[in-house]
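Note that subunit A is present in both complexes that follow, paired respectively with subunit B and with subunit C.
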Partner chain A sequence: MKALTFTLIDQPDERLDLSGLTPVALAGLSEVQVSRLRIGTSRNPASVGDVFKVAGKDVNNIVFEGGSARFDKVGTGLNSGSMRIIGDVGDQAGRRISGGSLYIEGSAGDHTGSCMAGGRLEIKGNAGNYLGGPLAGEMTGMEGGILIVRGKAGDYTGDRLRRGVIAALKGCGDYAGYRMIAGTIVVCGRTGAMPGYLMKRGSLLFDRRPENPSPTFMPCGEPDIAFSSLFDRFLMDENIVNKPLLGPKPGKYGGDNAVSGKGEILFRQRDRLRSD
Partner chain B sequence: MSVAWIGSQPVSLTDAIQNAVKLLASSRCPVFSLDTDVHGTRSAIALATILGGAYDHTMGRLLANEIALITDHGGMFTTPGEVRRRSSLIVLVGEVPVFHHELLQTWANSKPDLGDKHSRHWFHVAGAETNSLDSKLLRPMKAVPVGGENLSLNATLAVLRAQLQNRQTVSTLSNIDRFKSALTAAQFPVFVFSGGSVETAGLVMLQDLIADLNKKGRASSLFLPADDDAWGSALTSLWMTGFPPRTGFINSLPSYDPVRWDVQRMLREKEADLHVWVSTREGETSPKGGKARLISLSRTDAPTAGAMITIAVGKAGIDHDGVAYSSRIGTFGFVQAMAPSHLPSVSNIIRQLADALPGKKEFAC
Partner chain C sequence: MQQLSRNGILIDDTFAEAFGMRATAIVITAPTLKWARQAAITMTGYATSVIGCGCEAAIDVDLPASKTPDGRPGCRVMIFAMGTDELQKQLKSRLGQCVLTSPGSACFAGLEGTAPLDLGNSLRYFGDGWQISKKFGGKHYWRVPVMDGEFLCEATTGLTKLAVGGGNLLFLAADNTKALNAAERAVAAIEKIPGAIMPFPGGIVRSGSKVGGKYKGMLASTNDAFAPTLRGVVGTALTPDINAVLEIVIDGETSDAVAAAMRAGLKAVIDFGPKKGALRISAGNYGGKLGKFHYHLKDLLP
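Up next, the complex of A and B:
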């Protein structure tokens, strides 16, 4: 069966709420019913048929041909099947995903992967601020799954991360791992100011020494631990990176001592990188 | 003297209202920027509800930083009266806006009459980016500086919190031992801060530090808004919709999203097609750029540049009586007109706009 395909007719005049265009929400709907779904958010809201040409029938395999920074809440609540967006998306893409896969070929806005609990979300371009983080008033951020940004992530990556893996492969902004509760954040490239600020537990894994860590993170030497090799293998098995990130004896900072000091920043030693 | 203009032409108020209503009724995505008294804010939010628009304060970014502390974390707060009467240790954090200095100086000239009743001690926690407080303010207080070399305020607060728990840090702070002794001696230390000079992350660190102190004793914080009128608008918005500014209405239901309903961003990215600028603040002008049509309700004697319609309005406390937030009393208070004038109030004009809109919708104000 051919994938259910939404082909963008023209750039939308208004922000669109695409939370209703997921496998579960579209199951059992006819093409006409899908075309009539309201997705606009202005006073004269657009329906699916105004913005997209719809083709195909397989709701478990959804493709958006063409993207826009005004596509909000793409893939909200996805729990099975796959979605692919050939272009950019707006804010809150992949919010509360618990299964399946969401692949974005362009860049994504703020709160991408907000509170996701499972599944796989991959972004080919950059992501905005609060990657995986909670919205205003929510107590926990991402609780599971794998979130990969092939480009650069913004500030506050992994805010209140509780479980799961976030990877930003071309660096990230300030305060990565802000208020992190547990889980793992992987960053290749430059990190901004004070990674791990207010971090309780969890691991920040960098491919280089952080340039501007919080003064409440203490250097802990180069522990000889099995975790780094195991995790390097996991990252390569999942096609997140294609060479070891940390190596056998990574450098370590422990912190945030302002909170409980139970978190860690592990980083690849540069001299080791050159000798590898 | 004219109070209404279409473009740059003076017109009667009735003509201006009718033309403004045509713009409002035909708008696809109207947005409101507010900076007015309680009644004006209530009216504007009620009109945004009818129109399915979005609203923000003109100082939306600053206000969002202060509000984020409440929506994302919470905290322990006390009132100015409690600080004056009970606190023998006051800790200033970052910069305190100039208009609050008089309040602080009255505390410097008094002693607490409840609690430990000792003379007051003052400390000032500052980062490398903090401008030193007005020396006139600090002199009578003899505030002891607490800070580290080249540390930002957020880093300073992190180090302070760690050192108060006797944990290791890479940097040290000046006068930390004096500060620890003062905290041990004081029955009710209070940290005074404003959202204007501390990022939300730093505010969260400060509140966690206060929570740590409350495990063994008693401590609190006093929030002094960066702008009283802006904070008054936030409280009024909470009362009207359950949410602070940066709220929009989809299907007549309010939704709060500080990114989605950032009115300046909406204008910049051409999502909004009509901008209603409501400001009674002296000298404040609507932002330039963007393609949205502009309706300006401002305290002016000339048409607003770039506005399709300008209506002059009065300011509560100057042109007419009103209600405004005062951080000095920690709540709303009556403000009497100092120089009553012919200028109509914002709520009066917005009611006329609502009444003239086609269709019968309840104006909930």
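Up next, the complex of A and C:
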């Protein structure tokens, strides 16, 4: 069966709420019913048929041909099947995903992967602020799954992360791992100011020494730990990176001692690897 | 008793009688194979027989760095017990005293069984609040800070109820040296069979037992029918040319593993021949009424 394909006719002139265009929400709907679904958010909201040309029938494999920074809440609550967006998306893409896979070939806005609990969300371009983070009033951010940004992530990456793995492969903005509860954040490339700011537990794994660590993080030496090679293998098995991230004997900072201090920043020891 | 013959060695037409057991396996890694084996050997010490040790355990196979979860050399250890509770108790205490304590060690599940047994889940408290939980790739690990870095340990391993304990071979020879020659050949062959262990010292037992004894409270006592020094005074199973008997006991992850191990042991001893090795091969049983699994030697011959 051919993938259910939404081809963008023209750039939308309002922000769109695409949370209803997921495998679960579209199951059992006819083509006419799908094209009548309201997705606009203005006083005269657009329907699916106004914005997209719809083709194909397989709701478990949804493709958006063409994207826009006005596509909000793409793939909300996805729990199985796959979705692919050939283009950019707006805010809150992949919110509360619990399974399946969402692949965004462009860039994404703020709160991408907000509170996701499982599955795999991958962004080929950059992502905005609060990657995986909670919306106002919510106590925890991402709780499981794998969230990969092949480009750069914004500020507050992994805000209130509780479980799961976030990877930003071309660097991130300030305060990565802000208020982290647990879980793992991988960053290749430059990290901004104060990574791990107010983190309680969890791991920040960097491919280099952090440039601007918080004064409340303390150096903990260069422990020879089996975890680094175990996790490097996981990252390579999942095709997140293609060479070891940490290598043996990573450097370690412990913190944030402004809170419980049970978190860690592990980073690759570049100088030593060169001399080994 | 009817006997067959292979390469000049007599094979008794009898069978080994074995029992259903509970088993688990773990993978121990370390910076070098020497230290992975050291942790494994320490952990499987005093684990020859459930009669007195609570469990039977030994190294199954050594694993190269490419076959372990953390890319360091390691070995797979199997542990057998009669019940799940005893198996969990033995696993926990041996892991805590012998693997956690061994330099550079890490420990992973070695079996995907029907039910989980705690590994790191019970040892994490040693971290005194500084232990780190990590869940990724569908697995759960604990990282416990210790004096040489961290003890990395998977949270659980698997339990199998399909395990079999008590497969055995008896090698009857003209003297001790020849019996040991034969038994050592068998051990070397069986070590290569995955999923089968030989829990006795070096894989070999010289004090085979019968059930019960004349003294009150003795669960097992010497197998007098196979003791050469008693040949003239008890109902013996030995002919005049036999002066030493050694036994190999085999526990397997499955019944097939036990059969494969016995087959490999038989072949090795038969190929070695009677001149420097065994004159006769037999097996131990209790008349077939106690154990569910019977391994007839004639079915396992090369």
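Just so we're on the same page, the second predicted complex is superposed on the first by the 272 of 276 C-alpha atoms of A that agree within 3 Å, B and C clash if a C-alpha of one lies under 4 Å from a C-alpha of the other, contacts with A are read in each partner's own complex, and residues count from 1 in each chain.
One rule holds for everything that comes next: a contact is a pair of C-beta atoms (placed from the backbone, for glycine too) under 8 Å apart; a residue touches a chain by one contact, two chains touch by 3 or more.
Bear in mind the structure is a predicted one, so any value in this text is a computation, not a measurement.
> Clash or fit: subunit B against subunit C, after overlaying the two structures on subunit A?
fit
> Quick one: classify A:L198 as touching subunit B (first), subunit C (second), both or neither.
first
> Answer with first, second, both or neither: which of subunit B and subunit C does A:F267 touch in the superposed model?
neither
> What is the contact status of A:D91 with respect to subunit B (first) and subunit C (second): first, second, both, or neither?
First partner only, subunit B.
> In the superposed arrangement, does A:T41 touch subunit B (first), subunit C (second), both or neither?
first
> Tell me which partner touches more residues of subunit A in the superposed arrangement, subunit B or subunit C.
B
> After superposition on the shared chain, which partner residues are touched by A:R15: those of subunit B (first), subunit C (second), both, or neither?
So A:R15 only meets subunit B here.
> Could you tell me if A:F52 is touching subunit B, subunit C, both of them or neither one (first, second, both, neither)?
After superposing on A, A:F52 lies clear of both subunit B and subunit C.
> Subunit B and subunit C, closest CA-CA distance after overlay, in Å?
15
> Provide the residue numbers of subunit B that touch subunit A in the complex, in ascending order.
Where subunit B meets subunit A, its residues are 27-30, 51-52, 68, 71-72, 148, 151-152, 154-155, 157-159, 161-162, 165, 167-171, 201, 204-205, 208-209, 248, 250, 256-260, 269, 271.
> Would you pull the subunit C residues touching subunit A in the complex into a rising list?
Interface residues on subunit C, with respect to subunit A: 29, 31, 69-72, 104, 106, 129-130, 132-137, 141, 143, 148-150, 152.
> In their shared complex, at which residues does subunit A touch subunit B?
Residues of subunit A touching subunit B: 13-15, 41-44, 69-70, 72, 91, 109-111, 134-137, 175, 178-179, 193-194, 197-198, 214-218, 256-259, 261.
> Which bits of subunit A are touching subunit C when the two form their complex?
144, 163, 165, 182, 184, 201, 203, 223-227, 229-231, 233-234, 237-238, 262, 264
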